[in-house]
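What follows is a set of notes on a single structure, which appears directly below.
Chain naming follows the written order as A, B, C and D, and within any one chain the residues start at number 1.
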Amino acid sequence: MSEKIGVYVCHCGTNIAGTVDVKGVAEWAAEHLKHRGVVIGRDYKFMCSSLGQELVENDIKELGLTRVIVAACSPHLHEKTFRTACERAGLNPYLCEMVSIREQVSWVHTDKVAATEKSKAAISGGVERVIHNEPLEPIQVPIHADTLVVGGGIAGIQAALEIADAGYHVCLVEREPSIGGHMAQFDKTFPTLDCAACILTPKMVEVGAHPNITLLTWSEVEKVDGFVGNFKATIRKKASYVNTDSCTGCGICWEKCPKKVVDDVFEAGMGIRKAIYRPFAQAVPKYPVMDVENCTYFKNSKCKACQLFCPTEPNSINFEQKDEILEVQAGNIILATGYDLFDATRIPQYGYGKLPNVFTSLEFERMCNAAGPTEGKIVLRDMKTAPKSVVVVHCVGSRDENYNKYCSSICCMQSLKFAHLVMERTGAEVYNCYIDIRTPSKDYEEFYKRVLEEGGHFIRGKVAEITDAARIPEEEGKLIVQVEDTLIGKQRRIPVDMVILSAGLEPRHDAKEVGKLFGIACGASGWYTERHPKLDPVATMTDGVYIAGCVQGPKDIPASVVQGAAAAARVLGKIQQGVISLEPIRASINKDQCSGCRICNGLCPFNAIAYIEDDNVSDINPALCQGCGTCVAACPAGAISGTGFSNEQIIAQIDGLLLRNLEPAGV
Amino acid sequence: MSNELSFSNEIANVMYATHGNPIKDCLQCGTCSGTCPAVEFMDHTPRAIIGLINAGYRDEVLASNTFWSCASCYHCTVRCPAGIDIADMMYALKRYSMWKGQHQEGLIGPVFAQSFVKMIVDSGRSFEPLLAPTYIFKHGPRGLVQEAQTATGLMLKGRLPLLPKKIKGLKKFQNMVRRIIPIGEPS
Amino acid sequence: MKQYAYYPGCSLESLATSYNLSTLEVAQTLGVDLKEIKDWNCCGATAYFPVDELLAHTLVARNLALAEKDGLSDFVAPCSACYKNAYFTNAYLKKDPDLAEHINYALEADNLHVNGTMKVRHLIEVFIEDVGLDEIEKKITHPLKGLRVAPYYGCQLLRPRKDQENVENPQFFESLLSALGAEPVDYPSKTRCCGGSLIITNRKAALDMVHILLQDAVNRKADVIATTCPMCNVNLEVYQGQVNREFGTQFAIPVMYFTQLMGVALGIKPEKLGIGKELVSGEPVLAFAY
Amino acid sequence: MSEQFEPTIIGFTCNWCSYRAADLAGTSRMKYAPNVRLIRMMCSGRLDPTFVLRALSSGADGVMITGCHPGECHYIEQNYKALRRFLLLRRVLAGLGIEPERVKLVWASAAEGARFASETTAFVEEIRKLGPLNWGKTDDRQQTMDDVESSVVNRPSSEMEVPA
C-alpha cells in the first residue's frame, strides 16, 4: 500500500465526544486500517480551529501524508476549511475527504456503542474512498464581458442599466414590441401612489438610448449554446414589417390603418389597437409592429394603407421583411421574463367572463390609467356608469389547493390600492374580502391604515361565489357577492355594482420550456429554482445563468428592482474576475471505450454531451457538465467516469462501510 | 407531549376512508360557510365548527346542530382551498356524536339515521312509508297533515308501494352486516 | 352489444318508478343493454354514513361485488346518490388495501368478493359518452323545439369529484338537451343543492333550498326542470306544494327526469315513460313535442 | 432483552437535497435508527444499479436510495432517471429471488429532516422484519456478483433509460 493516510477525529467539544468514543475510534482506525495505509489516527477537541488545522498540516509535512480523512461535522460546513489546510501544506485539496459523524451520528443517535461502531464504519468507508481520490485542478474558464438579459420588465430593465452603467455591454431581448412589462400597464404604484409611467418611462428611455445596450424587442431567444463565460444565444427578431432606419414613429400608419383589433396584451382586452400598432404612447422603441394575423393586406392582399400614407423617405413599411436570426455572445445571462396573470375563468363561481361587471386586476389597472381605454374613469362594462359599490376579492387563485397553493404576495397591497382609487375617484362603498391582510414591507401597513381611515370596509372571508341571481328586491340588477364574514360567523350576501378580482401571479405559461432552453429548473409551483432560497436568491444551478424579478417567485416592484440590481452585481463580479474557477467534479468519456451508442447524449439536461460524428464517439464539454453523474451510471460500456465520484470510489466506499476491508480474523 | 388524542385527531380518525383529512390545515377562510346552502339553519357555520374542533371544544361541537343540518352536497369540499373534505367531516361528526350518545335534543337526524339503518338491515332495501312514523311524530300535527296529503297524492299516483320489498339472500346479507356491527343473532 | 350492470336503487322501485320506466325504454331505443344486478341491496344513500362508515362502504361494495361476479365492466346507476356512493367506495377499494380487506372479510359471509375493478358510471354519462350526442340526435323523431329546460345537475352527480373536471359550471347536460332540440336555460343554481335528505330531517331548511331553486328556474323562464336524480326530483316536484304553502308562492313548474324528456323526443308514448304519475302535471311539456 | 437482529443498511443520498435533509435531521437533533450508513453522490441520477447489488452482495441487508422530490432536482430531471432505474432494479431483484422491499426509494428535500429520520427508522424496521439477507456471505460470493452484474449490464440499455 503506497498511500499514507491520516485520520482525524473531532470531538466538537461534547457535540461528538458526548456520544461517540472519539479516542477509541481514532485508535481503532490507526490499528485496524493500518493495512489500508492509515499511518496516524488522532482525536482533537476542535478540528476546525486553527490548531486543529495545523495538526493536519504538520502531519502532511512531517509524516508525508498523501491522503487525509477528517471525521467531524457535515462536509457542507467545513470541507472547504480542511481542503484549504491540506493545500497550504502542499497536498492537493481533493485528496482530503470529510466523514460526517456529527450530523449523521452523534446528533441523531443516543446509543453510545452503536454510535461509536457507526463512526468506525463511516471512517472505514471514507478511507477506502479517499484511496481512489485523484488530485484535481479547478477548471478555469474565461468570461466574455457581454451580458444577455432576457425580459424587458422592470427587473430586466434595472439589471441591464446597472451593467451598462458599469461600462459593460448588454443585449436586452424582449418578446413584446416594447419594453416596460406589466409595470407599464399600471396606473399608480403602492404604497406611495406614484404614477407608474412617471417613474418607469425615464428608465425605459435610458435603456433605449444607452450606448452599452443593444435592445432587441419583438424578439425571442430560440437556442442557447455554450456555458458560463461563453454562451451563444440564437435570437429570432420577428419581422415587424417596419424599417426602423427610416421610421420616425410619427404614428400616421396606425392612424390610417382601417383594421381595429382588441388588444388582449397591453390593454388586457379593455381597449383596441390597430393591425399596425405601438402598444402605448411611451413605448420604447417608438417603432410600430405589424400584427400579421389581423392585417388586411396579409389576409387578402388588399389595403396597404399604412404604406400608402407613410410620410418617410424611403417608405418605412416593408411587406417583404423577413424574420432575422441573430447570434449573440455573452458571458452571463439574466432571465427576467416575469409572470402571467392567473386566468380568472378557471374559477367559474366567480363569474368572470360571464358576468360583465366582474373585472380582473389588470383590467382595472388599465381602467384607472389616464392613458387607458376609459381615460382613467372607473366605470362599469357599459363604459359610462360609475359604480356605487365595489367588492375587491382577494386571493383569487392564490392560497388555494385547487389552483395555486402559494401566496401571490402582491395582491393584498394591490387590493388596498384598488380600494383607495375607487373611493377617491367615485366615492363608492368598497368592500375588501380577504383571508389575511399581509403588508410586511416598509410603509405598507401604514397604507392599510390609510384605507381603513378613508372608510374602506373589510370583510374577513374568502368569497365563495358571485352571482346575479337576486333573492330579494335589494339584490335586483346587482352582483351579489356571497361570503362568510368570519369575524361575526355569518354568511353575507353583498349586492354591489362591480367586482374586482385580485388575481394572483403565475409562472409564465412557457416557463418550463424556456427554463430548459437555459438549463434551469422550475420548482413545484413552476417558478425558477434559485441556487439557495435565502443565501443565493438570484443565481441558479447553472453557472452563469441568473434570475431576477417574478420569474423566481411573485414579488412587487421594489423587490423586482432589488433582484434586478442583485443579479447585475453578481454578473459584474464575474466579469471583473475575467476568469472563473469551476469545481472539477465532472464526467469524462474514455474515447477508446466509447461505442458511440449515444445513450448518454439525451440524458444530459445541460446539453454537455455531444456526439462527434467523425470519430463515432461522444464527448463531454467539461464547462457545461455539472457533475450529476447520470451519464456515468448509464453508460453501457462503462466508458464514462465521474471525477470525484467514480465507480471505484463509490464501490470502495461501499466495501469500506460494510467493513469488508478489515483483515480476516486470525490473519 | 400528552398521549391523549386531540379532539381534532379523534375526528380525523373517524374519517376512515379518506385517511386523516387535514382538518388542521384549515385557514379559517370561510369558503365553506360562504358556500353552504344550509348555513342559515346552523347554529355554528362550518368554518366555526372546524375552529371549535381544532381548539378542542368537544362539548360545544357535539351540542351543535351544524353537522345534522349538512345536506351532503359537497360544495364546500370541492371549493375548500385547504383540501379538507368538509362534508365527510360532517359525517364523521355525526358518527362520533351517535357513538358517544351525545347530541342536541329534538333533532330528527339521529333518529332518522338509526331507523333507516334498521330498515336496511331488516330488509336489504329502503322503503319510504316505514320511515314515516319516526319523523311525522317529530313534525307534530301540522307536519302530519301535510305529510298525509303528500303521501296520499303519491299513493294515488302509484308511487308508494304498500308492502316493503326484501332482498332474497337476506340471511346471508345479515351475516355480512354482522361481521361489521353487532345486530343480534339470526332469528 | 355492450352490456351494463344496472343498479336502479330503491327509489326507482317506489317514488321514482317513472325514472325506472323511462330509463329502460330509452335505453332499449338507443340500444343500451342494461342488465339489472341480481338481488341488489340498498346502498345506504346519505343516511348510512352517519352510523358506520365501514358498513356503509360494505353495503355499496356488495352491489359492486355482485356486478363484478356477472363479469361486466361498467356499473351504471341512475340515482346520483347511489352513483356517488358506488363511485367513491370503488375508488377507495382500489387505493386502500386495508379497507378492501375489511370489506371482503364481511362480504365473505355472503360468498362474495370485491376487487374494485368496475367502472362506475352515471346513467347520463353512458348516454352522452357511449351512445353519443350525434347518435341520439339521429334518432330524435319529436324534437322538443322551443321547450325551455332548466338542467338541474344537483350535487352528487358532480361532487365531490373534482379532478380536473368542471364541477362548478358543467355543460354536458345542456349539450344533451340541445341534442333533443330543446333550449337549455342558463340559470345560476343548476349545481346548487336541493336539500337532499334534509327534507326528512330538517324540513324548513330543505324547503328553503327548494324554494331558491324553483325561484331561479322560474325567473329564467324555464318551462320545465330536468333532473338526473330521484331525490332531487322528489324534492323539487313532490314538495312544490309545501313550498307554495310555506312561502306563499305559486309555483307549478313540471319537474321531469332527463330520461322522460329523451323518451318524448325519441317518440316513446308518454304512458310508457311514466308521465302522468307526477303531482305537478307534465302535460305542458308534451305540447312541445306533439 | 433478547438479541434482536440489527440490519446493516447502505444509504445513497444526493448532495443537494437528501444529504442536506440528513444534515438537518442532525442539526435538529432528531433521533433515528443507527443502522444506515450513507454515501454521498452529487445526484440520485448517479446511482448505478450495480452499486445497490454490490452493497447487497457485500453484506448489506437493505439499501435506501434518496433524492430530491420529482420536479425539484438540482440537475433538472435526473431524479426521474433514478426512479426509472429503481423500478427496474426491483424487478431484477425479484428475479434474483431477493425481496424487492430491501431497496427503498425516498424523496426528501433539504427541508425535510423529519421525513428523512422517520423514513430511515421505518425502513430499518421493515428490513428487521425481513431478516438478514446473507447474500454474499457464502463462499461463491464473487460468482454471484459477476452473474448479477452481467444480468444488469446485458439488459438492453434502452430499457434502462428514460427516452430523451
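As a convention for this text, a contact is a pair of C-beta atoms (placed from the backbone, for glycine too) under 8 Å apart; a residue touches a chain by one contact, two chains touch by 3 or more.
The model shown is predicted, which means the values in this text are computed figures rather than measured ones.
K.L.:
Return the chain pair with more inter-chain C-beta contacts, choosing between A-D and B-C.
P.N.:
Of the two interfaces, A-D and B-C, more C-beta pairs touch across B-C.
K.L.:
Once you find the CA centre of subunit C and the CA centre of subunit D, what distance in Å lies between them?
P.N.:
51
K.L.:
Would you mind pulling out the distance in Å between where the CA atoms of subunit A average out and where those of subunit D do?
P.N.:
Centre separation, subunit A to subunit D: 31 Å.
K.L.:
Taking each chain's centre as the mean of its CA atoms, how far is subunit B from subunit C in angstrom?
P.N.:
Each chain's C-alpha centroid was found; their separation is 21 Å.
K.L.:
Mind checking the centre-to-centre distance between subunit B and subunit D? Centres are C-alpha means, answer in whole Å.
P.N.:
47
K.L.:
Which parts of subunit C, given as residue numbers and ranges, touch two or more other chains?
P.N.:
162, 168, 212
K.L.:
Of all the residues in subunit B, which ones touch at least 2 other chains?
P.N.:
Residue numbers touching two or more other chains: 40, 78.
K.L.:
Would you give the residues of subunit D that are in contact with at least 2 other chains, written as numbers and ranges?
P.N.:
none
K.L.:
Among all the chains shown, which pairs meet the touch rule set out at the top?
P.N.:
Taking the chains two at a time, the touching pairs are A-B, A-C, A-D, B-C.
K.L.:
Which of the residues in subunit D end up touching subunit A in this complex?
P.N.:
Checking each residue of subunit D against subunit A gives 8, 10, 19-20, 22-23, 25-27, 29-32, 34, 37-43, 45-49, 51, 54-55, 58-60, 69, 71-78, 81, 85, 117, 153, 157-158, 160-164.
K.L.:
Of all residues in subunit B, which touch subunit A in the complex?
P.N.:
Checking each residue of subunit B against subunit A gives 27-36, 39-40, 44-45, 47-48, 78-83.
K.L.:
Name, in rising order, each residue of subunit A that touches subunit C in their complex.
P.N.:
Counting only subunit A, the residues touching subunit C are 347-349, 402, 467-469, 471.
K.L.:
Per the contact definition, I'd like the list of subunit B residues that touch subunit C in the complex.
P.N.:
14-19, 37-38, 40-41, 68-69, 71-75, 77-78, 85, 87-88, 91-92, 94-95, 98, 107-110, 112-114, 116-117, 120, 124-128, 131, 135, 139, 143, 146, 149-150, 153-154, 157-161, 165, 167-169, 172-173, 175-181
K.L.:
Under the stated contact criterion, what part of subunit A meets subunit D in this complex?
P.N.:
74-76, 100, 102-105, 107-111, 114-115, 117-118, 121-122, 125, 516, 519-524, 529, 541, 585, 597, 599, 601-603, 605-606, 626-630, 632-634, 636, 642, 645, 647, 650-651, 653-655, 657-658, 660
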